[in-house]
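Note that subunit A is present in both complexes that follow, paired respectively with subunit B and with subunit C.
Right after this comes the complex of A and B.
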């Protein structure tokens, strides 16, 4: 008994040392690429800095006062929330619908399952170029098609006027990212035991009742995680919106990411940009806390 | 009134024939076991009764009504699954209530019915729990509760006890027999466990290779197996089957002649190869004139299963008292109880050739 009491801890200490050694590289890289930029942003946000030279003066909380009192941040926050809510809703609706369709035993299932991933794998630049061509007010296929069908009388300025620009951005975002929802939901659908559906059929449940009473409860956990993850990713989306509208017309599709970029590299005010990004981070913290609590609960 | 009838039912999956020419008549209130090895078609049969599979041809009727085109929910049946298939997000009470809800039963009536079912199965303290908080036996009872709450005409049970441990299984077996007696409903029970079939069923449908081999009472299936397959499938250890030739009033095996009573078998018995069947309890060690050697003795406490080897290497089993002293390697003379001999045609499902009379049933302790 005393032998084990003295021996085991020594072995355990050796294991612990090995463990520290093995995670050290990860910690190091993590510190360099995540912790340092985070601290640097907070540091920069209390200076007034000219971006090309990175020179400037300490201004204390001035940048934050401007954030709170000016309308730019709040306008962009509003735009970001509209964009996130709009595109996320469409992603979930189409994603779940498509996953249900692809879960059925249809003859083109395996082909369709690969094809549905196409938008997700396509480079954003390429996808946006195609969509801008489709949306073009002079020669775009979208206007042409809608006019042929008699839905439109006149060509529409899709990306240059509101609310069309926001609708366009939301649609392209939904198109680009719904495959993620499809994959995650489809993976979960395949694990729902067939017996539950059979039991429900014997219990007298029709197709609609089976969806709400068997499928949906089983999807609830995975949908919560998907919604939180996609909300975080959509909230900070940059390239798709920047390439599609550049934040315009004027600032009506300028999300927080675009605002930060505009401030830092358009107006060369790195300090103010850092303050905006810190503000944006605080908003995202809400989603992140929810996500961590959710996934923590599951494990 | 809920007879269940399968008339000339055939089921094919692609090119694979799962069931062939199946005719079963189940009387109202009967407890019928569908018994057979895996892949014999017993689960397919049950699933067709439930409406989860559709027969390729033939007719299925429940309570006098042809149900081939009736949806599972409208057949007035309930089914208990091997995996229990409880809805994981609903409480025990909600699980039991669900079939009533889907049938538009009023809330007050639903509540009363759930309580009645829960009381019958001693589930009252568990009504607010979720299925994953229950043990296997409790989940099993909830599945039964969900089946009996709406008072269906026919209960379909798909290996409901196979996920339970041995002790709980024998307990639930007794519970199910009791439940059947109390409800008096038709029950169709799929199992690969002959013990369950023998102890619970009023009649057993033995199936093999997509065909019904025999449909009779447990005693008849044991004592008068219709063919070689049934003879070997029912009984543990299974019936000894010795290949040999009929020669006058003897059966020749391993160079020895075993006397048989020709009058007990069908007249047309010609010469040629046959299979002689005898259950291990009717093999007597030290009482006959067939020389054999003891190869293995398995003592289970209340009996011994003895593996014997004839001079030509044929092996057979005998069942004896646990108290008897037998040594491996010992040479013995063995004999067969003359009234307990079965004769079969030689193919795998070779027909039994005895004339079926009551005399072929011998009380086990008359050896």
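Right after this comes the complex of A and C.
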């Protein structure tokens, strides 16, 4: 009895040590790839730093004062929100629609399910080159086709004027990333019990009612995760927008990621770029907390 | 007891020790040699057309043949991407050995921040007397020391003209003034052909071309003492001209970069173009039907009183100070001007990168090229214009070198000026005031 009493805490301590040992690699990797860059960004943000040398002076909160009082950050934040909301909405609509279609017993379903993933697997650089060619005013298929159909008299400036440029990047973003929604939603659709639809039919529900009352409630959880993930990824999207418009015309499509890039590498101001990055992270944090709270209440 | 007679050892102890030392040294020697054999030099350039890459390979092969312990690796960068790539390289210390074809103002900026090795040795290896007179002045940011040198010259804003369309429109001479150019564009536009291919995008091309237009109006971005001078009547005139030209450019010119503008002229979609001599190669390869109907000239100015101003980005050669194997690096940098490889490199895009060595320009091997021979007048015009050219890092012979020119171009502030006034129709006075403030802010560091 007394021996058991003595051994139990020892055993617990041994298990505790083993637990620490087992989790240590994860903590180490997490610290290296998340915590260190985060702290480094915060540290850099209070300096004025010339990017190529990473040398500079301590400037305290000056970079944050410029962030708060200048219009660049807020303008880019607005652009980022428009882009994120626009492309995410289209991704969800197209993604759910395509998943519903591919869930039906249609011809060449397997082939279609494979092909629909194509944009997602395509390199962004290649995709952008293709789209820039399609949008080209002189030899682009888009203008040529629309002019042949009589919809346009003259070629349209797709990427160099507003609002066309924003619409263009939103459309290309939706095309590139909607397959992610298709994959996730299709997987969930295949696990919805058929008897729920049978019960709904017996109750007289038509296709629309079955979609809203059976399918959508079943998709809610997976859509929550998709929206959360895609919102984060779209918010920090860089390459697609940079390659399509470079942030122009003027700064109409300059998202926060592009602003950070220009500040860090165009102007060689790494400190100010780090301050913008920290601001960007805080905005994402606020949205994530709000969203998680809301979805928590709903569930 | 018989004592053995003392015998001198066959191999004395000192000999043995000396032998051991020699053996040790011999054992160590292959390692030193081996280390020498493993020298790898990294060469970066944003100029990497297939023909240029082939020329680079010739230069690399020839150098490696002369230096068996050296391997040279070529790595591509780009006009829009070199700044972040080099920033990362400098910050990490993992730098290339030689960087070529960047504009001179990038070199002066890196030099001013202590990131480059002095280039005097390399210039001496090439031979000071072989360069065109004054060719290296732009790299003398600090008196007596060169930050780099030019690997060539370029005349980036000559006007390209379709002579067949001019003839059809009844235009008997190349436009010399803006009014003549506008008139010519109006006459030649139509039937699916636009008058011009000027850029209006938010990119470096728009910035660099518009800086030229300001000078063609008689203005300047900076005064010789580098105070900001962009807010001037001349800039307003330049904006008015650029706005007037907009109606003669394709709709997508609002997003044009160098490649788009070049293609628009080469494809035959525009009656005039603005580019370097790369037009010649591209027309020969991609649209030979117009090859007999193209010519180039200095870009028109506001009036005949104003001298043409040619933008030369002075494609450079520079060596990062942190580059390993400095001696071999300098030898390679100098070897880039070896006639065989250098001429092949220049022939890769005849007229695009023009020789910076007078000795090469006079070399029959350089002149022995079908494009250079066919367009000898155009190549000569570009050579002369480029030799007297300037850029934002050095706006005139009176100007101090501007080591912040790269940041100003990369910031897009001048391209945004064009877009805000011409595309967005914003108030010129307000935009110019804000542009001045932004440039001053960049200059302040």
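Criterion: the second predicted complex is superposed on the first by the 274 of 299 C-alpha atoms of A that agree within 3 Å, B and C clash if a C-alpha of one lies under 4 Å from a C-alpha of the other, contacts with A are read in each partner's own complex, and residues count from 1 in each chain.
Assume a contact is a pair of C-beta atoms (placed from the backbone, for glycine too) under 8 Å apart; a residue touches a chain by one contact, two chains touch by 3 or more.
Remember, predicted model here, so these are calculated numbers, not experimental data.
By the touch criterion defined above, A:138 reaches subunit C but does not reach subunit B. By the touch criterion defined above, A:213 reaches subunit B but does not reach subunit C.
In the superposition on chain A, contact is made by A:268 with subunit C only, not with subunit B. Of the two partner chains placed by the overlay, neither subunit B nor subunit C lies in contact with A:95. By the touch criterion stated above, A:202 is placed in contact with subunit B alone, subunit C being left untouched. In the superposed model, C is the one of subunit B and subunit C that contacts more residues of subunit A. Contacts of A:159 after superposition: subunit C is touched, whereas subunit B is not reached.
Counting contacts by the rule stated earlier, no residue of subunit A appears in both its interface with subunit B and its interface with subunit C. Interface residues of subunit B, counted against subunit A in their complex, comprise 50-52, 71-74, 77-79, 81, 83, 85-89, 98-99, 102-103, 146.
Taken together, the subunit C residues at the contact with subunit A in this complex read 83-84, 86-87, 90-91, 110, 113-115, 200-203, 250-256, 260, 263-264, 267, 269, 407, 410-412, 415-416, 419-420, 423-424, 442. Looking at the complex, you find that subunit A touches subunit C at residues 50-54, 135-139, 154-161, 165, 245-251, 261-262, 264-268. Remark: subunit A residues 193, 195-196, 198-206, 209, 213-214, 217-218, 220 touch subunit B in the complex.
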